[in-house]
Amino acid sequence: MFILKPHSGVPIYRQLSEQIRRMAASGQLQPGTELPSIRDLAMQHAINPMTVSKVYSLLEAEGVLERNRGKPMTIAKVARAQSPAPKRLQQLEPHLEQLVLAARQLELGESDVAKALRNTWEKTDERSVRRRTPAR
Amino acid sequence: MSVPYAVAHQLGKAFYGKRVLENASFTVEPGDIVGVLGKNGAGKTTLLELMLGFTPPTAGGVELFGHASYRLPGAAKARLGFVPQQDELVNQLTAADQIGVIASFYPRWDDALVTRLAREWELDLGERIKGMSVGQRQKLSILLALGHRPDLLILDEPVASLDPVARRQFLEQIIDVAADGARAVVFSSHIVSDVERLANKIWIVKDHRLYWQGDFDALKDSIVRLHLRAPRGLPDTIAIPSALSVQRNGSSATVVVRDWSDGLHSETAGKLGVEIEVEQLTLEDIFLELHR
Amino acid sequence: MKAVARLMLAYFTGTRLLSIVTALGLIAIVGGSAVLFYLPPLVAQHGLPSRFSLAEEAALQMAPVAGVLCFIFGASLLPSMSMRLVTSHYAYVLPYGRVKLLASAFGTVALVSLVASTTVTLFFMDAGFPFLLMFRRGFLVSLTSNTILYCVLWFIGRSSSIGKLLGVAAAVATLVVPLRYQVPGTSITPVWIACALLWATLTAGVLLAPRMKLAYGGTRHSLAQRFGGASYRGGGREVDFMFGTANPWPLALGQIVPIAIATYYLRDYHPYAADAPNPLLAVMTILSVVSGGLTAVAATRARALWLRTHWTRAELFGRAERAFWGHNCFVLGVLLVALIAVGSWLELPTRMLVLWLGLLMLGTTLSTYLGLIVTASLGWTECVLAAATMVALLMTSIYTGAATTPPATIVALYAALAVAALAFRQLAARRWARLDWMLCRADSTVRPAT
């Protein structure tokens, strides 16, 4: 279901929480979908179960996940109130940083990058978003 | 509020005047998986042996389940499991007999678990120990420490002789032990990738001291590699507090620092007049950088 | 308690061989004692007619004794296994580990002594001694001597050739010497004291081991530095160092100790039957064989040489033979000199001395080649050959010791032994030509991961 790389510099909890958030936001994971139990997920990826537990708690607090007594965690059914745009923009930060850095290394100017961004934005539509998100 | 399984305060040990370990303080809570890293001879095994009460500390103290570890009462020992670096099996016995002998010391022994694991790990319990390969002996040693379902499991280089398949099976078993949050595992290993997967707490033993003791995520956030770029030239001296190493390369430089936090980013960038990119390191890189 | 019981069970039945020995022992004890009780009285004790010949009676009487010995040795896993556990991390980690290990050791020795003393006491009952008195004595003596025996067995297990030599002698002594104290009349106080001291030391050692470990480790290390091994100073003796035959003196001179002890105890021994075996010769024969036995490591050590020289396996055999003969000659030489010295002091007849010299030389030859025959872990062939050789040597020593044996018989026996030695050599040479080092590992505790 998820792609986790324990040996990249990025902490596992961050990788996992981001993937769940994105997959929930994109509809890849429909509301009501059951997530694996902490033990199962940890065993599957050979990672610390506390990490999984931390991610689940974090996302439950954010409203992305729902805890059902006695049953596994599920994607929140209730269409949660849209968190304000600035907060959602924050999730793009790492990607923006990477983009800016690469652009600077290639010695491209801000306007060039903005133009390229607009082109790419127009080329991708809703459906291709679903297709491109990794299905695991 | 859970009671920690192990608590040490300013633990120290000296042998014939030589300081083997000094000023180590730590706790192990239920649910923790602690990875202990350190170069050979840095004091790792001494730390574990002090924890287990094999040897009395010469400074400070360590408690297991609320008792001084050197005088751990018999009933508390039933909650403790240990896998030594070199197996200490009785060569003449069969594996089943060895298990039977060790099992008889404990009030509770999970036969089903041991049988299942022996089957999954492809250990023939009817085989004589002296005819087993090193990897099989190590697997048997691990089994012997799991059977009584200890609350605190301590392992000293448990996978040094295991092939990758066996190692992954072992990791899964450790996860199984810690998953319910009521048991704890402390293990030392040179196979940093394993520690990276599993541990939520890291202890780094360096120069006979506990150089780092705490959350793994915090460690990753604290020891980072900064890539500095100054198109208009770097300053002559790059003064960043708690920098571990600096490498210059024309108009860019790489600095490894400890005690980093996000707040320092803009402050440092401004002070030096450079652009900073923060790279988080793998555990192995962190370890190597600390020992440069 | 179940740990103590489980440990004791492991001591008696941990290996297949020991289980069989224990079982045989029990059968012999129970069967032999039953036979003795329910059959008509034996001639030796009551002067009444019996339907058994003297020889048959002797055999019947020996059965329970042999059974007791089997039972004692059936628990010989006790020293190595309990010490292994006591000196390991398990002693710290297992709940009440040390106490239970100590209890299991004491329980085993007590059980063995109980069985031994009961059997022996039953023997003396017929002679009219009160049961309880004899039993109390017997149990105490048995307890002490068995404790010493197991300690000696542990020592033999861990030591080099010299240690094994002394250990074997000590083991034989612990089985024989206590008989003196069985008979009422001799004071039993020294035995009480010995027993109490022994167990006090053992208990202290096991329970206080953590504190003593540091001191012991240091002493042992410095002792080994000073007195162990030989140092290489170059100049053509590399092969000897690889085989471990560089320094024959510890073994050669070490033999003198058991010889001296045996001579002292047997100096007044005069066999009342003309053809009774001479124990002194038996001791020397055993010694001549032990030195040869250390040759058994030759094959495993030859591997390192094979990797580094141009010699084929067959050539290696020749080299090993030469190296070990060079070593064993010194050991044999000292033995022969000791024999002559002892013989002269005891004023043994010259004919006997000459014959004994020959026998000892044969003993060393046979055992050297027996050792070279061992090119894989010990199997049935090697054990049978070794047992047969020992029996043949001892029988020959009995015959040479007797004044009534015709010279022709002796010559024939010696010739047969010499032929056997040659046969062993051929067998060893053939095996070395096909030496397989996967079967013949130096580190016998570990097999390659296949």
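Should a chain be cited, it is by its letter among A, B and C, assigned in written order, with residues numbered from 1 in that chain.
Convention: a residue touches a chain if its C-beta (ideal position, glycine included) is under 8 Å from a C-beta of that chain, and two chains touch if they have at least 3 such contacts.
Because the structure is predicted, anything quoted here is derived from the model rather than measured.
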Comparing centres built from CA atoms, which chain ends up most distant from chain B? C
Please tell me whether B-C or A-B has the greater number of C-beta pairs in contact. B-C
Whole-angstrom distance, CA centroid of chain A to CA centroid of chain C, is 74
Measuring from the mean C-alpha position of chain B to the mean C-alpha position of chain C, what distance in angstrom results? 47
As a quick test, compute the distance in whole Å between the mean CA positions of chain A and chain B. 30
Touching two or more other chains - residue numbers and ranges from chain C: none
Interface hub residues of chain A, defined as touching at least two other chains: none
In the complex, go through chain C and note every residue touching chain B. 2-3, 5-7, 10, 14-15, 77, 80-81, 84-85, 88-90, 92-97, 100, 210, 444-450
Write out the stretch or stretches of chain B touching chain A in their complex. 31-33, 168, 171-172, 175-176, 178-181, 193, 196-200, 216-217, 220-221, 277, 279-282, 284
Spell out the residues on chain A that touch chain B in their complex, using ranges where they run on. 6-13, 38-39, 42-43, 45-51, 53, 97, 101
Could you list, by residue number, the parts of chain B that touch chain C in their complex? 52-55, 74-75, 77-78, 80-82, 84, 88, 90-93, 97, 100-106, 130-137
